[in-house]
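Note sheet for the following structure.
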Amino acid sequence: MNFSKKQLAHIVFESNDRASRTFDAVVLIMILGSVSVVILDSVSELHLKFGNTFYFLEWVFTILFTIEYALRIWLTTKTFRYATSFYGIVDLLAILPGYLGIFVANTHLLTVVRALRLLRVIRVLKLGRYISEADFIKGALKASAAKIQIFLFSVLTIVLIMGTLMFIIEGPEAGFTSIPVAMYWGIVTLTTVGFGDITPQTPLGQFIASLIMLLGYAIIAVPTGIVTSEMSKRSQTKIIENTRSCTFCGKDGIEPEDNYCKNCGEKFG
Amino acid sequence: MNFSKKQLAHIVFESNDRASRTFDAVVLIMILGSVSVVILDSVSELHLKFGNTFYFLEWVFTILFTIEYALRIWLTTKTFRYATSFYGIVDLLAILPGYLGIFVANTHLLTVVRALRLLRVIRVLKLGRYISEADFIKGALKASAAKIQIFLFSVLTIVLIMGTLMFIIEGPEAGFTSIPVAMYWGIVTLTTVGFGDITPQTPLGQFIASLIMLLGYAIIAVPTGIVTSEMSKRSQTKIIENTRSCTFCGKDGIEPEDNYCKNCGEKFG
Amino acid sequence: MNFSKKQLAHIVFESNDRASRTFDAVVLIMILGSVSVVILDSVSELHLKFGNTFYFLEWVFTILFTIEYALRIWLTTKTFRYATSFYGIVDLLAILPGYLGIFVANTHLLTVVRALRLLRVIRVLKLGRYISEADFIKGALKASAAKIQIFLFSVLTIVLIMGTLMFIIEGPEAGFTSIPVAMYWGIVTLTTVGFGDITPQTPLGQFIASLIMLLGYAIIAVPTGIVTSEMSKRSQTKIIENTRSCTFCGKDGIEPEDNYCKNCGEKFG
Amino acid sequence: MNFSKKQLAHIVFESNDRASRTFDAVVLIMILGSVSVVILDSVSELHLKFGNTFYFLEWVFTILFTIEYALRIWLTTKTFRYATSFYGIVDLLAILPGYLGIFVANTHLLTVVRALRLLRVIRVLKLGRYISEADFIKGALKASAAKIQIFLFSVLTIVLIMGTLMFIIEGPEAGFTSIPVAMYWGIVTLTTVGFGDITPQTPLGQFIASLIMLLGYAIIAVPTGIVTSEMSKRSQTKIIENTRSCTFCGKDGIEPEDNYCKNCGEKFG
C-alpha cells in the first residue's frame, strides 16, 4: 500500500471512504484499549497481578498515539492551528503522560490526564447521523444557557442561606461542622441525592430539611421546563421548515402557500 | 367441547372472542402463579415451611406450560418461525428450568430464567387499547434513541473523568478503592440515587461531588426534554392527521364527525 | 340567629355567601385542629406531658364532628345517597374512631383513620379558582392513565428480573436476603431514592446496579413526557377554544372564521 | 473626581454608563468578599488560625456597607420608600449584624443575617439580558402557582396518611418514633432524596415504602408537566405575537423583517 501525502491526509482527517473508516476504527480501539488499561490498573488486585503487562501496554499505546500525533502534525496544512485547537491539545494530552511518567514521581495526576484520552472518542464519533442529533442537544442547551445560569445562581443562594440556618440549628454534633459542610449537605439534599452521611437530628432541623426537599422536588421542574420547551420549539420549527427559497433573491423560509416573495416581492408561479 | 385444529389455533393465537379470552386469562393466572412461587420460595422462612409445596407447584406449572408450548408448536402453521421468534423463545424458557433442574446442580441461574416467565405476560397484555398506547411510548423512545445514546455516552465520559479525579483526591480510605468503584460512585451520585455507602470526606472531594450533583440535577432535563418534545410532536401530529378536506371547496381541517363543510356548507355523505 | 331548614342546608352544602363561608372556615379549623392533635399525640414526650389534654380535645372534636354529621344527614334531601357517597363516608370516618376507642383496645388503627380526616379538607377547598386547576391536573392524569399503567408494569418487570439477578449475585451477606427484599432494593434504586440500607458489594453487583440507576435516570423521562405532552396539548387546546356555539343547533366548537355550522349546515352572518 | 449629587445618584442607582458599572462591580466584590468571610469563619480550623483577620475584615465590610447605605439614603429622592423597600431592608440587614454584635451575645443568629447579604447580589445582577430571562422563569412559575399549591397540598396529604401508616407498622424500633418523624421520612422518600437514616425493616413496611417511592417517581411528572407546558406556551406565544397583518389584503402572520406581503405582493414602508 503506497499512499501520497494528500491521500494519507484524506484518510487521517476525513472519513467518507473505506480506508479512512478503517483508520478511525483502529484509533477508536486504541483509545478504548488505553482507557481500559488505566481503569483496570487502578484495581489493586489487578495491579499486583498484571502491573507489568499494564505498564508495557501503556508504552505501546503511548508510542502508537505518538506516531498518530506526528502523522497529523506532518499531514495538516495548518500545523499551528491544529496544534492549538481543542482536538490538537487532546491529541497531545494522549501522549504526554507516558513521557512525563519518566520524570514525574506523582503519577496520580497523570492518571487523570490518561483518562482524558476518552475525549478523543468524540472526534471519531463525529460521524454520520450523530452530528445533527448532538448539534440538536448542544443547540438547545446553548439557547437555555442564560436561563440555567440564573437557575443555578438561585439554587446556590438557597443552598447558602439554608446551609447557614442548618449549621446554626443542628451544629457540629449532627455533622454540620461548618457552613461549607452544611452547604455540601444542602446540595446533597436539594438535588435529591441524599447520601445520608449527614442528617438532621432535631425536629426543627428535620422540618427545614423537609422544606428544602420539597423545594428541590418542585424546582427540578425548572431546568426540565427550560430545556424541554426549547427542544419542543426546535423540533416543531423543523417541521414547519419544509420551506423553499425565493428563486429571484434567494431569501429562504418561503412557505408553500406564499404567492409573493416576502423579501423582494417576486411573484411565484 | 370438541374443537377442530383451526378453531384451537384461533383460540390459542388470536384473541377477539370469548373462548380465546378465557384461554388468555388462564395463561395469565398460570404465569403470575408460577412467578409468585419463585418469589415466595426465595424467602428462607417460607422455603423452610412450604418448600415441598413450592416444589410441587413448580412441577405443575412446568407441565402446564409444556402442554401449552406443545399446543402452540402443533397449531402454528410456521413452526420454525414461531420457535425462533421472541415469543417462541420466551415460551421455551418458561419450561426449560423445570427439566434442567433435574440435571443442573446450580439452581440459582434457573431462578433468573424462571423470573423471565413474567415476560410472557406481554403477549397476553397485547390486547385492546394498550397496544396503541404502548406503541406510542415505544415509538417516542425509538425516535429518541440516537439522542439518548449521545446523552448516555456523555454521561459515561463525565463519570469516567470525575471518577478518576475522585479516586485520586479521596483515595481508598474514603471507600474510593479503584477507578471502577469511583465510577460506580459517580453513577450513584450523578443519577441522584445517593446510597451513601461511599461518600467524600475531604473538602475538595465534597466540592467536586457538589459539582457532579448539580450537573446531574441539571442534565436530567436532557433525556426528559428529548422524550417529552418527541411525545408532544407525536400527540399533536395525531390530532392534525385525523382531518380531511372538503370534497367540494377543498377546505382542509374537516373533522370526521362534521356533517357539513364549515367553509362552503356542502353536506357530507 | 334563626335559620329555616332550607337556609341551613344552603349554608352547610353550598358556599357562595358569607354565612356558608364562615361555616366552611370553622370546619376547616376543626379538621386541621383534630389532625394536629393526632400528630402531636404521637410524639412520646408530648403524650406524657399533654396526654390528658389531647384526650379531652379528641373528644371535643369527635362531638363537634358528630353534630356536623348529624346536621348533614338531617339537612340533605337524599340521605342514602349522601351517606354512601365518598364525602359521606369520609365524614363518618371522622367521628367513628372516637367512639370505637371505647370498645377497641388497638388504638393504632384508629390513629390512621383519624389522620384520614385530612381528606375532609378536599371538600372545603373545593372552592373558587382551585377547582378548574385541580380538574386540569386530574384530567391530564386520567388521560395519561393507560400509558402510565404500561410504564409501571414495565418498571415492575424490570424490578423483578433485576431483583432476581441481584439476589443471586449478591446473596444474603450483602442484605439481599430474598427476591422480595431484592425487588424492594430494585425499586429504591430505580426510583433514585437510594436509602443505602442495602448496597451491592461485589463488582458484578455494582455493575448491574449502575445499569439499573442509568435506566432509572433515563426512564424517569417517560412519565414526565407522558404527563407533560398531555398538559401541553390541553393548555394549547384552551387557547384555540375561544370558539362559539351554533345559534341554530347549539353545536359548540365553531371557530370564528367558519362560514357554515359544521353540524347542521346553518349559514352564519 | 468631583461629582454633583445628581451625578452620584445616577452612578449609585442606575447602571448604563462606565462609572456606575464600576460602582456595581465594587459593590459585587464587597458582597462576595463579606459572604466568603462568613463562610470561611465557620470552619473551626480557619477560625482558630485567622479569627482575628476575619473579625477585622468583617468590620471593614460593615463600615463600607454603612457608607454605601448612608449614600443611598442621602441620594434617593424618596428616602422613606427606599428604606422600606425590599432592597432597602436587605441593604440595612447587611450592616446591622456588625453593630448588633457589640451588644448581642448570641452571634449565631447574626451569622444567618450576614449570609443574607448574598441577596444583595440580585440588585447588582439586575442587568442586561438576565432580566428578561429571569422574568420568563418568574412568569412561568407565577402562572403555575395555583397548580403547584394543589400539588403540594396533595403531596402533604399523602405524606400524612402514609407517615401515620408507617408509624403504626414500623414503630419506634425502626426509627419511626412519632408521626412527625414518620412524615419527615415520608418526604425524604417521596422526593426520592432517601437519606437512609430511617428505613423500613418489616416486609409490610418495605411494601408500603415501595408504593410511596413509585408514587413519588411518577408524580414528579406533575410539577414538571405544569411548568414545562406553561413555558412551552410562553415561548411559542412570543414567536406568534411578533407578527402583524398586511395593510392591503389583511393577510396575518407578516414578520417584522418582511419587505413585501407574502400574499398580495404589497410593498411595506
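Each chain gets a letter, A, B, C and D, in the order it is written, and its residues are counted from 1.
Note that a residue touches a chain if its C-beta (ideal position, glycine included) is under 8 Å from a C-beta of that chain, and two chains touch if they have at least 3 such contacts.
Bear in mind that the values here come from a model prediction, so they are computed numbers and not experimental data.
The interface at C-D recurs elsewhere; of A-D, B-D or A-C, the pair that shares more than half of its residue-numbered contact pairs is A-D. Where the sister copies subunit B and subunit C meet, the same residue numbers recur on both sides for under half of the interface positions. Of all chains, the one whose CA centroid is most distant from that of subunit C is A. Subunit B and subunit C have centres, each the mean of its CA atoms, that are 28 Å apart. Centre-to-centre spacing of subunit A and subunit C amounts to 41 Å, using the average Cα coordinate of each chain. Residue positions of subunit C with contacts to 2 or more other chains are 151, 180, 183, 192-196, 220, 224, 226, 228, 230, 232. If each chain is drawn as a node and touching chains are joined, the picture has every node linked to every other. Subunit D makes touch with subunit C in their complex at residues 146-147, 149-151, 153, 157, 160-161, 164-165, 167-168, 172, 177-180, 183, 189, 192-196, 199, 203, 206-207, 209-210, 213-214, 216-218, 220-222, 224-226, 228-230, 232-233.
Every residue of subunit D that touches subunit A in the complex is listed here, in rising order: 35, 38-39, 42-44, 108-109, 111-112, 115-116, 118-119, 121, 125, 129-130, 133-134, 136-137, 140-141, 148, 151-152, 155, 180-181, 183-184, 187-188, 190-197, 220, 223-224, 226-228, 230-232, 234-236, 239, 254-255, 258-265, 267. Of all residues in subunit C, only 192-196, 224, 228, 232 touch subunit A in the complex they form.
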